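Chain nomenclature is as follows: A, B, C, D, E and F, assigned in order of appearance, with residue numbering initiated at 1 for each chain independently.
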């Protein structure tokens, strides 16, 4: 993740939460230093070490952060993730923004890892979608990678994706792919979304870089994947849940994209405590 | 919600998703106009009409938006939420950002309404926390209100909340409330978090505006609420889930704050289709 | 005051004043270091130490700032407030923005302290209003606190204030308070502005958190305060000047809000000198 | 004044005051339209028509603004300055920011006009300084022009001003002006600040575009102005008050710059009322 | 090009040029309306119609813009490109920013078209690089497309490009491509830069999506292209000028990227005149 | 150049190029440190040392930058300009933005120096125009100064320039200058553009600070310069190229402004290499 971009985001998030000032800390404390630990209250995959480091340092450069867990590591209930030392007021002021982010990111990483495990097929990659929370896509896509998933395109600007609505409005898959091919440079891939075998054949003839099988059953995905020439990458998407995922094992598709990884996140429970003890 | 602030947020979200341009729409379409509908694919409470209106108009002032559902209304699978007319390219360019927001907001409103129903006590108000997604707190807190909930403080700037960490670092509840009282004006409320009966008595003596019972069982909440003088507002928080919520019915506490309303949202399934038909 | 927010503001203020560059310093100096002192040229209450510290360091991290006066301390003509060492060019480039801010803030703190003294009633608190200079409210409200005053609400977002215009447009105090009460959470206070005794009785019945007596003479304020039940906070506002303030002593009202503290500020005269001498 | 810059500033000021929303208006009103008038409660020179126009339209494009007074016109107590029609909620939401700005700007215009009148010398121009409120210099300098004054440089970027501190650090007036002259293009003027006759002679020999007589009595100003060659513009500055201004009449200096025009502003009392009557 | 992003850029550019106001127009004009034409003073390919439309409307919504030339059309000396009607002051205020942009964009489009013509090979596409002017890459890449060229990646975020420095630091092409392949999703292409035949063979074995022949003579490019398997896209880059371009005709490479298209632009001479005549 | 402004610009330029992250460096490297050198591949005048220093430090504060050439120094092909040590990934991530800027700035400085040399008249100063690249005017004008040129006004805000279009719309030079003079303060200069001798006489009578001879031959410039009184600065502009420049030698005009210095820049060829060797 880009540090400049991350700091810009953190700054905006702090301003949202702190506004003109943390009136509690300002009133209660008078500069005393202290120590705090961040620890997990459940099991999962941790993501967000950079958030903790940059987050507290941005708020107050005097805060020292020591990470105990790296991104992608498993955490169990009670595990220490990080410890920080510095002005107590600043530690408490920063707590909520940092936790909100790493809880969400770790939740995504955990879910992604679970999906990979659930599918249990080394030849199929789990990937994300554009169904991310507006404003923090960079963080959410990073968390997907941390959990062992892959990223689909970043946004509308870095990949051509011809969906049912585009095809309907344009007239045909053939015409849409042709227009795309005549405009796209060599770093830009073209993906076509199909639902029926007829569409699949039309798509194959048009020769995009990727064909996506939308809302298809595992059997259909297996059949469509077999019909598709080797040089075209295949993707299954739409309506696939953690429950139906195992059935896609061995279908031969290259990618399965899952919207729920980012649009319906279960935060990982992580909390922060001010602590005196040296032992932990 | 503030329109200027909302437009500023929408602009940032579009820039995140669209970047230098929607390369698919730019290539496929040549200015043709069309019609699109937004409809629900599941049951819940809708929130986000202003997002649809401002969102599409911001992208292209020529898009006409007609809302079929108002914020707070129940939607069932298949219900039309809105219809839009204008340039097809712009409709498809804006689709994802608008859906990402209203799906999340409607998910929060639906969850909040479910919590209110689940608790089923007209004398206890459900409220949110600061465990919101960084960058869109205004939208998430609005969605909580839409679902029948209430807002806790907006951020660190508009309410004094003395938690366990503050008390530990400050020395005592008494001292912390005194410092807060001597600094806070009349528009600023002071809340103290307590866990034990001993703390409750100390808190009552210090006379804050609100006392929050942290991680207490329904029985403890009932007892603590009864012990607290009338002029102090009470709140229960910490570890309360949709499952344990009904047990808090009749406890006499004034507010129950629920972090999961915003930190672990199940998006409401809503989608957009380009449509020719006039009927719907 | 929030450091991140303060730095953001200072950066904007420097860009306003410096633009593409301080063409005088750039031309005259060639990297030489020097020493400067900030001293008061009149008597008053100092406010703005953080401005000096963050301000010069933001411009050039090599500048060392040593504060001689803390916020809230009395300064007399000739008193040293701070000394700085570093590149002369940067010291002179930053001078004006820093002085413009601390002169204004100290002016507000001085005026507030004078009002507190003038009123001379330990049971009545002096507070500010929203009549602040757009863009620097955080600084002005901080200066009021520094001078011994209290802050009214920060803005339209953190307190409900039902004024004559609202009442007129809504129909009645009763209806307006009811609507507010049914929407506001427990961290949000409701204040009603009244002018007549009839309104006072209606307001008391509606039971807001605060009642404000608008444009009332000291005698009326005394009478209205006596009529108001204990659990409702009272505030006098409107047309009160430094001259009429003493007459409000002993009226029993809890707060007196004064617009002139921030809308008609007399800057405290403070200046900066480049100095060679070690003595001062 | 630049409209784009003005809108950007107004947007920032609204966000400061409104934040996540005007919780009073949102709760009380339900879309009703109404009419409001802005009128003066004291006598002075009005400045800020563009603020009213752009300000309300920015908040809500449905608000119609009708200006009754133009910038620079005299207003007397009771005079109508503007009337607006549109949603009552938006009118009340925008009220404070608009008033805070026009009260301050009209205060500056009034003070400037008073200074011009007080000096009463058509051959001497009153001008401002850089002692403006950070963040709103454009508005304050505009108000000075509206009141009949002139603008000194905008900031550090558009004029070279060699002050005592620069001279001290550089070694001599001669050297400082030489360096400036060798670097400055033809659109950039060079001003030198002097205090003594010896410095004046050195400055004249160095031939800057403007010589400023700092902290000089009227007699000294008269003598210095007479000594200065015609092609050099002269300016008096430092410690001149409304009281001492008349004594500078006829001194032959070209400009008198007054810091108090912008650093110690007495706001003009202006208010807004929701009104039903059609008459006014 | 994205309209929201474009408007944001135009706003920033206007603020850079106009600052606190166009002091010439403000002083000279008093609201009079007029007509202006933009016409070419040399021959080339026009690019930037959207700049003219959005640019003037952003400055003043009352300005009507009528485009006579579309992006990509040839313009000859004397040709009218656009005509505008509205307030003369605003037309003159906006002139320079609009011209600076369209002159540069048209210069790029013209140069690109010349390169395409010069190469004269329908099987080889001309494309750009990341050697664009910081801050306006979106506009420059658009201009390349307008002139008949193609875009390489937008930035560091939307394509993996393994250059000599990466290979040196990583150890080998093989290792670098492997790492990239194991991390990149299906919408992300991988390009490797090679200079020698040995590197070419290593690259082919590693199987990236694109191989770039850096600093190779036309003969080498022809040979390398012939050696590369069909499914790998090839690109020639480095040191190719308008003069050497024709020699690359028929080399069989797919893309030739040219840095000079954007880093050493010859602006197309375009100017604006206020005009009374109706004829043109 | 202003450091705060420069950092703000650099941050924006990095975000444009890096976006959500440099996916190549992230994938290839794992924290290894290295050394890079920036060296010139052609002959010219270097400009942009501050870009290298601030640029790399902004990206990663651990990067050490050592400048070998100062701004304004001559560089020959092969000369080292700077060396940097730090994380290889960050060095490569920052490379392009830094090079794009210093190549352009050095190109401008080189061209300016060439123009000065070409004109070869110590009594005539070469200056720039407002025909700069939108968004980086501060950098381009700095580069002109670095090459031995002077700056014309920064923008529309810091100088009054009455051009043909203004004169046409206003009625006459006399009227336009009068209006300008009556509004402009003493730090603001007034320039008038003329084309004919008749206009010259009218302009001289109006007595602006500067008269600009637009599109005049060397002979005309000589004649017009001789006709203009000494206290008015003269400038020649319009259609002057590197080829025609020598003919303006000895014409007696004070300034010659050249648009091509910034609108048609030939970048200086500068590149960066990762290096192991200690020798260079």
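Criterion: contacts are C-beta pairs under 8 Å (C-beta built on N, C-alpha and C of every residue); 3 or more make two chains touch, one makes a residue touch a chain.
All values derive from a computational prediction rather than experimental measurement.
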Original post:
Chains shared as neighbours by subunit A and subunit F?
Top reply: C, E
Original post:
If you take the mean of the Cα atoms for each chain, which one ends up farthest from subunit B?
Top reply: F
Original post:
At the place where copies subunit B and subunit D touch, is the share of residue numbers found on both sides over half (same) or under half (different)?
Top reply: different
Original post:
In angstrom, rounded to a whole number, how far apart do the mean CA points of subunit A and subunit E lie?
Top reply: 32
Original post:
How many Å are there between the centre of subunit D and the centre of subunit E, using C-alpha atoms for each centre?
Top reply: 44
**OP:** Would you mind pulling out the distance in Å between where the CA atoms of subunit E average out and where those of subunit F do?
**Re:** 22
Subject >> Residues of subunit A engaged with two or more neighbouring chains >> reply: 18-22, 137, 154, 157-159, 183-184, 188
Subject >> Interchain contacts, given as pairs of chains that touch >> reply: A-B, A-C, A-E, A-F, B-C, B-D, B-E, C-D, C-F, D-E, D-F, E-F
**OP:** Give every residue of subunit B touching subunit D within the complex, in rising order.
**Re:** 1-5, 8, 137-138, 141, 154
Original post:
Which residues of subunit B touch subunit E in the complex?
Top reply: 11, 14-15, 18-22, 58-60
**OP:** Using the touch rule from the top, collect the residues of subunit B that touch subunit C in their complex.
**Re:** 125, 127, 145, 150-154, 157-159, 183-189, 191, 209-210, 231, 233, 235, 254-255
**OP:** Would you pull the subunit A residues touching subunit B in the complex into a rising list?
**Re:** 9, 12-13, 16-29, 32, 34, 88, 92-93, 96-97, 99-101, 103-104, 107, 130-137, 154-162, 165-166, 168-170, 176, 179-180, 183-184, 188, 263-267, 273-274
